[in-house]
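Two complexes, one shared chain (subunit A), two partners (subunit B, subunit C).
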Partner chain A sequence: METRLIKKELLPGLIKGLAEDTLVYAPVQEEDDVFFRVLEKDMEPLAEFGNAKNAPKNFFFPQAETMMRFMKKERGSELERVPGDFPEAVLFGVRPCDARSFVLLDFVFDDPKYRDPYYMERREKTTIVSLACVHPPYSTCFCTSMGGHPFSSDGADVLLVDMGDDWLAECITDKGEKLLEKLGDLPKADDEVLARKEEMAKQAAAEITTSVPGKEIKPWLDENFDHPFWDSVHVGCLACGTCTYLCPTCHCFDITDEAKDSEGRRIRSWDSCMYWLFTRETSGHNPRPSQKERWRQRFMHKFKYFVDNYDAIACVGCGRCVRYCPVNIDIRKIAQDIAKL
Partner chain B sequence: MEKNPYVPMPVNVDKIITEVTTKDIKTFRFSFVNKEDEESFAYLPGQFAELSLFGKGESPIGIASSPTDKGYVEFTVQKAGVVTSELHSLEEGTLMGIRGPLGNTWPLDYLEGKNVVVVGGGFAFTTLRSLTNYMLYEENRPRFGKITVVYGAREPGLLLYKDELALWEKRDDIDMHVTVDKGDADWKGREGFVPAVCKEVAPSSENAVALICGPPIMIRFTLPEFFNLGFSKENIYTSLEMRMKCGIGKCGRCNVGSKYVCKDGPVFSLAELDELTPEY
Partner chain C sequence: MENIEKQLREEARKLLSEKKVDALVGYEQGTLPYQAAPCIITEPEEADRLVWNPFCSVNLAKYVHDLIFQHRESQTRTKPEDRTKKVVGVIARGCTTRSIVIHLQERQYERNEVVIVGVPCTGYIAKRKLFRALEGAEPLACAVEGDSLKVETAQGSKSILIRDILSDSCLTCRYNNPVISDINVGEPAPPMNPDGEYNDVDAFENLPTDERWAYFTKEMDKCIRCYACRNTCPSCYCKVCFVEQSQPRWVGVSVDESDTQVFQIMRIFHQAGRCVDCGSCVEVCPMGVDLRKFLKKLDKDGFDLFEHRAGESLEDPPPLGAFSTYDKEDFIFEP
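Now for the complex of A and B:
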């Protein structure tokens, strides 16, 4: 694995330089928040920040995207065009929790029987640069409980670590290697730096003191779909869907058509299991009729169903749903409460 | 290039048959515009497809024809929502799309060498019709034992595939029991609810598998009859319906426990359903 050093003050300029001829997604400051955006000329990419409010999944799986366009013809509408040929891109500044979410989303979209062409093409053409969390930014961080680590390189092509005066750049994949070559002649990191990095990684993990049970509660979930515990978890839930929209691993979507005169398009947009309409059938029957069933579905999908199917929890411990839930429903506490049952 | 599983294949609406007197159930016969699409649409009984009308959307519908029917594919559709209402307003000769085949099949390998009991109620006879025609096909018939069919509707005008039922009744290699809850002046057949007819016909559970589709109320009263006859949960199959969008296990809508009805189903044995959460 190649390791390089990038002078601290040079990094933003290198990223901006990259953005001159490549599509770059990067975290930028907008008022009080940080968001992943397409980096435009007058924007400053951030390298020192907590985490972006939005998860970067939308660059591979946009909140709304055109799946195909159609035209009305004499005997019925015909397919006109399927978007594709997406450009090469760099996704810069991804926290290790969010980078791990791509590994989980790949299970769904890179299914060997039905590969999702929209997600996969963007995913394959994008190089992901992760930023290790030297000091995990929030008290709501719990990546270490979900199989992650503040220095994890899962899902990353390059991992950057803030070493004080320099960024230590570790190439994780060939894609990462190519990107670093593009950034110019960078000095190699010596063993002292690498040893220091190992020490910092331990330190960073130790800073996360919240412990959330993950696979430990799976046996309980296997047996207790009807447990009275589920009668109260959802109380207070407004069904706003914020948790699912901000979640880096939530992947449910809707497909709808839009047409005006003789033209139209089929669109895929994010959807949420928190909404009553999500499962409501034309007959009026709804398999998940109340918020209780919908809340249980969200939790079960992450901590049981996904584990059954892919042997991984569909949560990376980013803490967004905890931070932004308007009624303070806390997935950590639910898992902890289950562990006590 | 790899096939995009979301892009429908163009089909021509060759024929539309109004199946019932209430006129809200029609069978649509499609032929593929492109030969290679017809070849890639290799299906087996029990599978479904997304019927696609650009501008309206898609609807997941069970395939009613049998793969032994060459040159076309049929779907029987009840007029219910946006897409199916638009479908019902189409004329023959329209171009539209279908996407599939999707989902699993009736357990054909498991049925081989066994006696097969087909039980359908009302509109829920479409993929069972596909299966029955498949089993009756000359080359396939020796692979299966005795075939018993119990099919019922509320009234004679609501029975699907009436011409075909009459043809099946004439054969000696299928034991037919068509029933209606209440007959009319012209009805010369049997009257009675499906569960009662099943009890009377009493198919042996010896080396037999039952495939049951129908409205929930029919299923609720039919299952005990089959348990009484000695059918185990492993030997009773049904097909589920759920709201779906992608049909390929990604959009999350038809998730029931750890399964997706679209890709792990729609066909499940009762034993398999016991393993799922009751959210369907």
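Now for the complex of A and C:
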């Protein structure tokens, strides 16, 4: 594995330089918050921040995208595939938890039976640059409980580690190597730096004090779909989409046709299991009639069904849903409470 | 504040053990030090879960409406003569009681279906302002000490004047004591500062159209259509919101900016004469959209045109629900 050193003060400039001829997504400050955005000329990419409010999944799986267009012709109709001309891109500044979300989303969108062309094209053409969490930014971080690590390179093509004066850049994949070559002649890191990094990684993991049960509670979930425990989880839930929309691994979507006169388009857009419309059937029947069933679904999907399907928990422990839930429904507590049952 | 909390628990325990309410809506300590979460308790032993502190923010009238309507729905297949009423108790500050007044005026439920435990209010903390005051540091522990909030962060402890981080709605609140109640706890709270209530709106109204439009579009661009604002709003109780109707579909499902604007404009206009400025929509918004500016404009119009303040009293009919030959009509003009 190639390792390089990048002078601390040079990194933002390098990213901005890259953005001159490449599509770059990077975290930027907007009013009170940090968001991943397409980096434009007058924007400053951040390298030192907690985490972005929006999840980076948005670039591979946008909130809404056109799948195809259709037109009514004199005889019959015409369908037009929306061309996949997505350019090569760089996604900069992803935290290791969020980078792991791509490994999980790949299970869904890169399934051997069905390969999602929209997600996959963007995914394959994008190089992901992760930033290790030398000090995990929030008390709500729990990546280590979900199979992640503040220095994990899962899902990343390049992992950057803040070594004080320099960024240590580790190439994880060929894509990452190509990107670093593009950044110019960078000095190699010596063994002392690498040893120091190993030490920092241990410390960073030790800074995460929250422990959330993951696969340990799976046997309970397998048996207790109807347990009275589920009567209390959702109390207070506003049924808004904040948790699912900010979640880096939530990936449920809806497909809708929008038409005007003789033309229209088919749209894929995010859906949320928190919404009452999510499973409502044409007849009016809803198999998940109340927020109780919807919350059980959200939890079960992450901690049971996804494990059944892909042997992984569909949560990376970023803590967004914990921090931003307007009524403080805490997925960590739900898992911890289940472990006590 | 601790005294109020103690009394609240006492009253809640009494109401539940005497079976005067079937459920009681209040706040409990959240899992984060800067959160008080809405909770619903049904047993007297649970009364000690209740808390009262400046983190109690969202308007609980929404839950009163939800609980009563869920109960009614569960009885749709019960013979009318066998149907029961569900009585819901609620811990209510001024704005919450005003929302209940609106529910009652709009005939959502009967007065005897709700038991209001009125609480004097000195305002709640806007989490965005708290984070701004901490300059990005994360609060690890919070404690109210007099008129300050003592916050522990990884960078050390900091004392912040609560007044400086109160929600904008609270700073200019005119009704921080309950307007109706069945039980009152604590002494009435001293008034806030409603004189400058419309200063922001006045300044905004005086801007040129293009600047106002630019501000509106900038704010709406932040919206991710999670509907937290609508879902926390006690005045947004439509069984099916127009954004979710599909025959016809009024609003597109994509993230087209005009669709988001239509949602927000429609929601805001539906609040004419019905917004109590509780600030819940602003507080729950994960994106920090300034909804208050636009809602407050309607509130101002309601007062200027009809001398009406939403939910102020049961006797004062809502402007759009009453007709008077003295209604102003000088805004109607020939095109």
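As a convention for this text, the second predicted complex is superposed on the first by the 337 of 341 C-alpha atoms of A that agree within 3 Å, B and C clash if a C-alpha of one lies under 4 Å from a C-alpha of the other, contacts with A are read in each partner's own complex, and residues count from 1 in each chain.
Keep this in mind: a residue touches a chain if its C-beta (ideal position, glycine included) is under 8 Å from a C-beta of that chain, and two chains touch if they have at least 3 such contacts.
Model, not experiment: these values are computed from the prediction.
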When subunit B and subunit C are modelled together on subunit A, clash or fit: fit
First (subunit B), second (subunit C), both or neither touched by A:Ser139: second
First (subunit B), second (subunit C), both or neither touched by A:Leu91: neither
Which superposed partner A:Tyr305 touches (first subunit B, second subunit C, both, neither): first
Contacts of A:Lys333 with subunit B and subunit C, given as first, second, both or neither: second
Subunit B versus subunit C as contact partner of A:Asp32, first or second or both or neither: second
Angle at the Cα centre of subunit A, taken between the Cα centres of subunit B and subunit C once the superposition is applied, in steps of 10 degrees: 90
Which of subunit B and subunit C A:Asp254 touches, first, second, both or neither: both
Superposition-derived minimum Cα distance between subunit C and subunit B (Å): 8
Doubly contacted residues of subunit A, that is, touched by subunit B and again by subunit C: 254, 256
Subunit C residues within the subunit A interface of the complex: 30-32, 35-40, 58, 62-63, 70, 128, 131-132, 136, 138, 140, 224-228, 231-232, 244, 252-256, 283-288
Contact footprint of subunit A on subunit B as seen in their complex: 2, 4-8, 10, 53-58, 80-81, 84, 93-97, 241-243, 245-246, 248-253, 255-258, 263, 277, 279-280
Residues of subunit A that touch subunit C when the two form their complex: 31-33, 50, 53, 62-64, 137-140, 235-236, 238-242, 245-246, 254, 256, 258, 267, 269, 272, 275, 277, 290, 322-324, 326-330, 332-333
In the complex with subunit B, residue positions of subunit A that touch it: 67-68, 70, 72-73, 75-79, 82, 108-109, 111, 113-117, 225, 251-257, 259, 264, 266, 271, 273, 278-283, 287-288, 293, 297, 300-301, 304-305, 308-309
